[in-house]
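Naming follows writing order (A, B, C and D), and every chain is counted from residue 1.
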Amino acid sequence: MGIRTAVAGASGYAGGELLRILDGHAEFEIGALTAGSNAGTELGAHQPHLRSLAGRVLAETTPDVLAGHDVVFLALPHGQSAELAERLGDDVLIVDCGADFRLTDPAAWEKFYGTPHSGAWPYGLPELPGARDALRATRRIAVPGCYPTAVTLALLPAFTAGIAEPDVVVVAASGTSGAGRSLKPHLIGSEVMGSMSPYGVGGAHRHTPEIAQNLGAVAGERVTVSFTPTLAPMSRGILATCTAKARPGLTAETLRDAYATAYAAEPFAELLPDGRWPATAMTLGANTALVQVALDEDAGRIVAVAAIDNLTKGTAGGAVQSANLALGLPEELGLTTIGVSP
Amino acid sequence: MGIRTAVAGASGYAGGELLRILDGHAEFEIGALTAGSNAGTELGAHQPHLRSLAGRVLAETTPDVLAGHDVVFLALPHGQSAELAERLGDDVLIVDCGADFRLTDPAAWEKFYGTPHSGAWPYGLPELPGARDALRATRRIAVPGCYPTAVTLALLPAFTAGIAEPDVVVVAASGTSGAGRSLKPHLIGSEVMGSMSPYGVGGAHRHTPEIAQNLGAVAGERVTVSFTPTLAPMSRGILATCTAKARPGLTAETLRDAYATAYAAEPFAELLPDGRWPATAMTLGANTALVQVALDEDAGRIVAVAAIDNLTKGTAGGAVQSANLALGLPEELGLTTIGVSP
Amino acid sequence: MGIRTAVAGASGYAGGELLRILDGHAEFEIGALTAGSNAGTELGAHQPHLRSLAGRVLAETTPDVLAGHDVVFLALPHGQSAELAERLGDDVLIVDCGADFRLTDPAAWEKFYGTPHSGAWPYGLPELPGARDALRATRRIAVPGCYPTAVTLALLPAFTAGIAEPDVVVVAASGTSGAGRSLKPHLIGSEVMGSMSPYGVGGAHRHTPEIAQNLGAVAGERVTVSFTPTLAPMSRGILATCTAKARPGLTAETLRDAYATAYAAEPFAELLPDGRWPATAMTLGANTALVQVALDEDAGRIVAVAAIDNLTKGTAGGAVQSANLALGLPEELGLTTIGVSP
Amino acid sequence: MGIRTAVAGASGYAGGELLRILDGHAEFEIGALTAGSNAGTELGAHQPHLRSLAGRVLAETTPDVLAGHDVVFLALPHGQSAELAERLGDDVLIVDCGADFRLTDPAAWEKFYGTPHSGAWPYGLPELPGARDALRATRRIAVPGCYPTAVTLALLPAFTAGIAEPDVVVVAASGTSGAGRSLKPHLIGSEVMGSMSPYGVGGAHRHTPEIAQNLGAVAGERVTVSFTPTLAPMSRGILATCTAKARPGLTAETLRDAYATAYAAEPFAELLPDGRWPATAMTLGANTALVQVALDEDAGRIVAVAAIDNLTKGTAGGAVQSANLALGLPEELGLTTIGVSP
């Protein structure tokens, strides 16, 4: 018998992707599925691609329903995780795909989210220094945001190697599923197809402090981050184009070596061969971050690009990767590096 | 040690999808990968989404290279399969994703393909009456065309139940991957995005006789098929909208019962719940054909719609499903009904 | 000073396309713009592409606001036109882009719309026999539905020439703008991109009786229409694949002649050169219907395909074309046959 | 009788867009249309959306064919303009959509294009200081590149006002038409749909020195430009996200004032109302650059975003705008600010 697993927020995009992965995972056994306003309806009404689970009825998201599972994945709006976690007890592994426990700095949290800080849980990005040890020892995981996953993995080797100045400019394009299943006028198909547009410009996006937190921790100093997200006419995928000022004297060879070394042993972060650049389609449904890097000598900047599937490595796949560690399972179990393409 | 498996034509879209599926299949061990003009290059140059296989070098498609495998999947242009098959011997399971051995009628072959007929192999659509027995007993499989897979599964229950007249009109939309990785002006992104267009109109498409062959075999009489394929602005997926004249007196209840009965036990053909209609995105990367049907009483026609992934159930997934049968493996091994969505 | 023109429903897609065309039209002067729930807001909040009109404030849709114009275009939900028309008086040219006055048969109206029939106005498809005379003499125009425009123009020459049997099967693909700016889950970008799906299957779509009415009037007998609309991953465009049973003995030459003759003098319906097939992208923003036809001798069916821009020839452009006639202006004024492509 | 106008390179995307605009322009009369390998074929085979010109036969691109016109638009591969221009004589207005005469610095030309420098012509971006006077007095115009148009218009007000440091980072997304009608594997529909990818990373793109030239001229000092172009899954449109280090003490109000002032009187560059951000779809087929700007105080950077249609304002529309000036016509003639949307 498998590890009893519940998914709260099963009718949303993150919840659907969790279920797609869990269904193919050898150790998890899918238990309670819950929803908010969709409680009482069949999963198939919301996730018609999950054929084998289509007839499952969604329960309400309550501690009683979620109790009795070994693992609970939370894919909920901000602010609901803290109370649920407390009620479920310390023995249950809780993997929160929401933002509530990502930021360590209460001031940053309050500035960007406008509510009291709930605290911070071990951060589910195993590629960060020390993260695997923390994840193996915890029953609480804060899954990173999708943009921070891509940006951090694009620039991590540069800051680890000490070859980048703390002056970062990022422009990232995301597929529309990053906005969730929201009924907003600018998200309907007629508006997004054939169009690119920015949002949260000028540092307003809530993922900005999370990116700064990750890079700053590695750099050992405050990293200035200019972050502009854009909406791209595709359902999935993030392409993060990240530049950092290069330390004086940096050579292309040293840069490449830093990246090759950093990711040589990583199962889900890969430096592509020289001359190949990532495309988001390469990662569709895969848990991989594909990275490439160049040195712009004229501009004096490192340009690193990462492509991920925002719902897989950027959310649900990353969540399962960290959960595998917390449960003592092989980190790669149930996850693939092979995308669905073309 | 697994079943040694070679893929000829590994740099194309069908070959790539075969490798994606084989990589996640518990029994197959991926051996030789071959190509035509791409021989000598790395797989990753053509299939950058297949990360774990990216460094594999493509060999030439010769009998010597393909020899020594238990299974050989052929994803080649028309006309190359017969000679290769002969040279590989009778013990090797050969699964041909090309058209060479699909048609039983030499005249139909010559009319549509313009070359001498090579013969016919057991047809790899397990859902057809008697097909599973034939597939379990063969070392040669002709994988159906993508459109015939969708259209046949849309109308099969109607003809099996004897409730449809042999007067069929089909309009099907396909993603552009159905045309392969062809460098043709009308297939470049700028032309296909935001556009729908027909092709092979008036019965000219080579899948027309294959559809007629399948439906005619079930109906026990010649079935007239008007088939119009269209190119849709998406990479994958076929939506086949199929109508057949209804036998007099047919009721919606009888129609639905026929479909429900036909697919009740099928692992990869599903009648959706009443009121739900298939969308191609539900099947992305999955081996499922999703079907729904309605009776248009005013027009006197059955309208059946099937959605498949043209590269999965329509090609590589269907090939593996049939290969599983021929090898005595569970039919569903390595295949999923869960799509990657949204 | 120009012809004073009001647009009711200016914040929707049909209203926006009307304004785009009217802005470039030499004779119309844009007056009142009205909306329902968007009244009081600026047009630019809803139609940010209409830069020169972006600061115009939307008024409420009332007879008082619309009074004092020479022409009033209505782009409103069903059921609002009759009362407005009565209040505006007989001298005002009213061009209704809604369905209220399209159907001549009260029973068909009530079956498909579920409300009492308001009557029928001259039908704004100038290409129909006798339509131009009727439009030149009227102050009331019922603009055809987008699908009926495409399907009628695809099959009109065949029925005019008496070479088609009254047995019609149509499958049409539409861009998502055909559904309007609706906040429905299946219309958000993440759901529609990369996906084709059918709707209104089995004769349920409200455009079915309108198609039958048009074709029946030309054929001089009841025409049976099986009509299946599908949603395509593009913003604009309709591709209508229309088949009709061919009269015995019909030849390809006779068929082509019928189409060439029918459209030789039409400004906005064109038979493409032999061998060329329409793509919706050719018609983006243009008022043209591009048509091609083939005879499927094996299936005994005429296959005619029409591509239009659903918002231009299919709605707003068609409306202006008919308004030009009613106002004694050149039919082509302010309209183009040149699409925006690629 | 109008201004006799020839288009060299009429079968490509830039040529097609030129013809779309010229066809609707009151003063130009379309004369010779030429092509390279497509000479001898009908325009309609390559530009099927240009219905009224579809039957025109393409001539070879020779001085003899182009002679006798008042204006010649060149939409040719690099390196063909200089000789043609010399042969056509000084009286003909030559508008070169290619790169040959854009760069003033021979060293920059040779570094990025690898051929000898041909010189520089008046640069067709009327919004630059002094540009209108130069354009009104010339018979030779170098039309800017598409990316430089977007980036320059995004940052021009900041450098004009002296509020930006010469430290610029740009990431721009372009539709695939920017790559022309190229038969390259990475440009086929199956590869580009659903995918974002970078190219020319690290300062390698040929538009980099052109951007630096434009911004440097305004800034009065060398401007460092890190430029990364990305390919987006859409046919048309550029979204340029441009950041520059802010001068110390810059306030949001001063920033906004600089932009409002700069573009108050510009017909084709518009600062959007506060809070509204540009989307490429707003500009489809329009000659407008839509701009918005924000100050990121934490990062100390100005973030300016511009959206254009790469083929209109970015190429053919910009070419006509400059040609209007050179011919003494109203600058806006034949051009629109209204996009085709949705």
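One rule holds for everything that comes next: a residue touches a chain if its C-beta (ideal position, glycine included) is under 8 Å from a C-beta of that chain, and two chains touch if they have at least 3 such contacts.
Chains and their UniProt names: A, B, C, D = N-acetyl-gamma-glutamyl-phosphate reductase.
What you see is a predicted model, and the numbers here were worked out from it, not measured in a lab.
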| item | value |
| --- | --- |
| Interface residue overlap between copies chain B and chain D, same or different (over half shared) | same |
| Chain pair with more C-beta contacts, A-D versus A-C | A-D |
| Whole-Å gap separating chain A and chain D, where each centre is the average of the chain's CA atoms | 37 |
| Euclidean distance of C-alpha centroids - chain A vs chain C, Å | 45 |
| Set of chain D residues in contact with two or more other chains | 13, 175, 177, 190-191, 193-194, 233-236, 279, 281-282, 284, 342 |
| Chain contact graph, described as a line, ring, star, complete graph or other shape | complete |
| Of chain A, residues touching chain B in the complex | 13, 16, 20, 23-24, 44, 47-52, 54, 177, 193-194, 235-236, 270, 272-273, 276, 279, 281-286, 288, 290, 336-342 |
| List of chain D residues in touch with chain B within their complex | 13, 175-177, 179, 181-185, 187-194, 233-235 |
| Residues on chain C engaged by chain B in the complex (per definition of touch) | 169, 171, 173, 175, 190-191, 193-199, 201-203, 208, 224-228, 230, 232-237, 239, 241, 243, 277-282, 284, 292, 294-301, 303, 305, 307, 342 |
